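Here it is, the structure, as structure tokens.
All chains are identified by letter, namely A, B and C, in their written order; residue positions are counted from 1 within each chain.
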Amino acid sequence: MQRNPQLNEKGELQHLLSTEGLPRDILLQILDTAESFAGVTEREVKKVPLLRGKSVFNLFFEPSTRTRTTFEIAAKRLSADVINLNITVSSATKGESLLDTVANLSAMHADIFIVRHESSGAPFLIARHVKPHEHVINAGDGRHAHPTQGLLDLFTIRHYKKDFSRLTVAIVGDILHSRVARSLIHGLTTLGAPEVRVIGPQTLLPAGVEALGVRVFHDMREGLADCDVVVMLRLQNERMRGALLPSAQEYFKHYGLTADKLALAKRDAIVMHPGPMNRGVEIDSTVADGPHSVILPQVTFGIAVRMAVMSIVAGN
Amino acid sequence: MNLPDAERLCEQLVGELRPRIGPKSAMVGLYTGGAWLAERLHQMLGMKSPLGLMDIAFYRDDYAARGLKHDPKRTKIPFDVNGCELLLVDDVLYSGRTVRAAMNELFDYGRPASISLVVLADRGGRQLPICAQHVGARVEVPDGMRLTLKRGDNGRLALALESERAT
Amino acid sequence: MRLHIKNARVVDPASGRDGSGDVFAVDGKISPEGGKADRVIDAKGLVVAPGLIDLSARLREPGHEYKATLESEMDAAVAGGVTSLACPPDTDPPLDEPGLVDMLRRRAKALSRARVYPIGALTVKLAGESLTEMGQLSDAGCIAFSQANAPLADTQVLWRALQYAATFGYPVWLRAEDAGLAKGGVAHDGEIATRLGLPGIPPFAETIALATILELVRATRARVHICRLSTAGAVELMRRAKEERLPVTCDVAVHHAHLCELDLGYFDPHCRLEPPLRSQRDRDALARALADGVVDCLCSDHTPVDEDGKHLPFAQAEPGATGLELLLPLTLKWGRGQKLSLAATLARITSEPARVLGIASGRLAAGAPADLVIFDPDAPFTVAAAKLRSQGKNTPFLGYELAGRVRCTIVDGKVVYES
């Protein structure tokens, strides 16, 4: 298990499991390919025939409509056949093991598995057990990784800011539980962003987070100073129940993005959010809908990025 | 061996094409050599409709064997394909598979009134029933070699032979 | 039955002896001199030492027979040179009834392999609420009482259990882990858990619980053995406790003397262990503490898990590793790393665990039980699932090249294994 399980013996991308350990040239290949897919949606026939005849299985062990839908749209734009499986209601409740579920689907000739699971590392387990022609794309595993989200965030930043080597990026919120934050941090450090900041209370920052290559801030105003990119993370209600935070109101006071806090960042700073947003908890509506926000374009870019990932892995 | 002068072939093609350019004419060049050639022809012909540039990466028939090649370019067709008299431009015509892919991609943009193929060089070796309406020159290519178009720093176009193995 | 082992390198950690010689056994006991032997074993080029004493090996009976059985695990024990082992009470049902303990001891005795010393449950069903009948369990053969890996969150219950055990002189074996701080955690709370997105158990979950236990030992004078230390902080607490002459001993699972959080790699479920593999600093502190005696023993913490239990995402995988057959080579590897003599190395798995258990085995003195292991300390081998006798093939050391092969294991003067 020493070789990066995402790459085959030739060093090509076989699975997309994490942005961590993704070689820089492959990362750039994905972004460049996504760029060329971006025009497909503007034509009359919004499809290319690349994955015609291939089957993409959406294996979502954790429910999600948004991510699943964007993967479905992306796969269909590549002319693939898409099958959606909500495992929460089917076999898992009957006690079928994760690997048995995958083996059964494999027997139905799947080409790509898109996997979302609550347990970190589940896509790695699956990738170790699929057949050589099958590919696994991680749509989010526990708090570990959400590589396509990380990639679309990088694509978005590149679209508006062009050059990573001069950027200061701040990620605000529940880093402890966030797979989105981890995936973005790894991608930014690979692409050479000189300053990546994480901003949040001690309860929401994981042990040893500096080792990921980030600067820690507890004061949001300090952390936002002169930022080029501000990424707001979603705060989940469970955090209040787990004694990590007292209330949403108190969180908003210290860590919510308002216009006056955003004014501390650079004048042309962009505001991003992986969605779905909790207006009034992590972000003020005026900012979410304001001129700095690129939250909606993120969604569009997400389809092109997922098309790029699928077409690259399926061809290897 | 002596390859024909690409610049002279351009002038020859322009001479052939000028009488057929009309209000419905449009041009699309295929990356990379076809795009350079199309830029030259488009400018020399003074065509009114903007130039389209196309990457056929997503329509190739060898994806299953070779995967997605690196660095696809972004196809831009800045005009309405429907009802156009399209001039499809490529540098070298060989097996015909590139043209087949290009036509498939064009039809995903709309329904042209006609497509005519313009190539600088035809090296024979067709694997599909495809032919060009306007050919600069027929060129014999020795086994194991590849015919390509090069563009110098001064913008000057030239045909060249390379070993097949060079990528 | 008379046994004569000749031409051996005889190593007896209890006396410090390390030299060439012979060992004689008569009627199950070590004898000072021979006479005509029924069986002569030529141990040329090999080491003879007291049989290994493993302070923690799960035999999976009763209740978990699909993971392993007494037969397979006892085979594994003697193949690993282990002649005595203590098994934790977390069977199904837990060892909280004298009848279960009795049955286990009989079954083990009938197999005539290693000696089995059951550890009884400290609380009923290991639930941490009410005390078990320690007297009756002791009569049935329990040598100590423990919660295994089950939490005992109510400190008042812990205090009462220690007071009660201290009244009768029963040793209590405890893992130091604060239930609240460890809840939900599956890995060491540090850089690796952060990278892998795994819920972490902070090191102070161990030190806080250990400080509590040591305070209660001061108050009750109960004899306590701390199981499976994992942090540098706990090592320091134990050092001070011993300087204070508290009646405490402790052990480290052999995995923790070698591996650390970096070995998790890409979510290797074989590294899902309790306690978790911690930082390099912790690992190095544990390895050194074993050498200078602050930590008394190494054990295998043998825990066979079936394939289904490990073929799961990391957090859902069953914790534990198999290890009876690797205890010797892994201990030798640790000893070499610390530049210790063979006698000092083997003490951690022979004379010291014997002292903790209070048994007569573990030394080569005349009159001691003839529990012996004959092994080649330098013979190399590669750890392979197919070669393990245990039904549990779950070890993080698969594929490792180790040295140290058991050639013969003797219990009670009889050969119970030879290769």
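Some notes on this structure:
Methods note: a residue touches a chain if its C-beta (ideal position, glycine included) is under 8 Å from a C-beta of that chain, and two chains touch if they have at least 3 such contacts.
This is a predicted model, so every value here is computed, not measured.
Each chain gets a centre from the mean of its Cα atoms; the one farthest from the centre of subunit B is C.
Geometrically, the chain at the heart of the complex, using CA-atom means, is A. With centres taken as mean Cα positions, subunit C sits 44 Å from subunit A.
If you average the CA atoms of subunit B and of subunit C, the two centres end up 75 Å from each other. Averaged C-alpha coordinates put the centre of subunit A at 39 Å from the centre of subunit B. Those residues of subunit C that touch subunit A in the shared complex are 189-191, 193-198, 200, 202, 265-269, 308, 311-316. The part of subunit B that touches subunit A in the complex is made up of residues 55, 57-59, 63-64, 66-68, 70-77, 104-105, 107-110.
The touching residues of subunit A, counted against subunit B in their complex, run 12, 29, 32-33, 35-39, 43-45, 47-50, 311-312, 314-316. By the touch rule above, subunit A contacts subunit C in their complex via residues 1-2, 5, 20, 97-99, 117, 119-122, 124-125, 129, 141-145, 179, 182, 206-209, 211-212.
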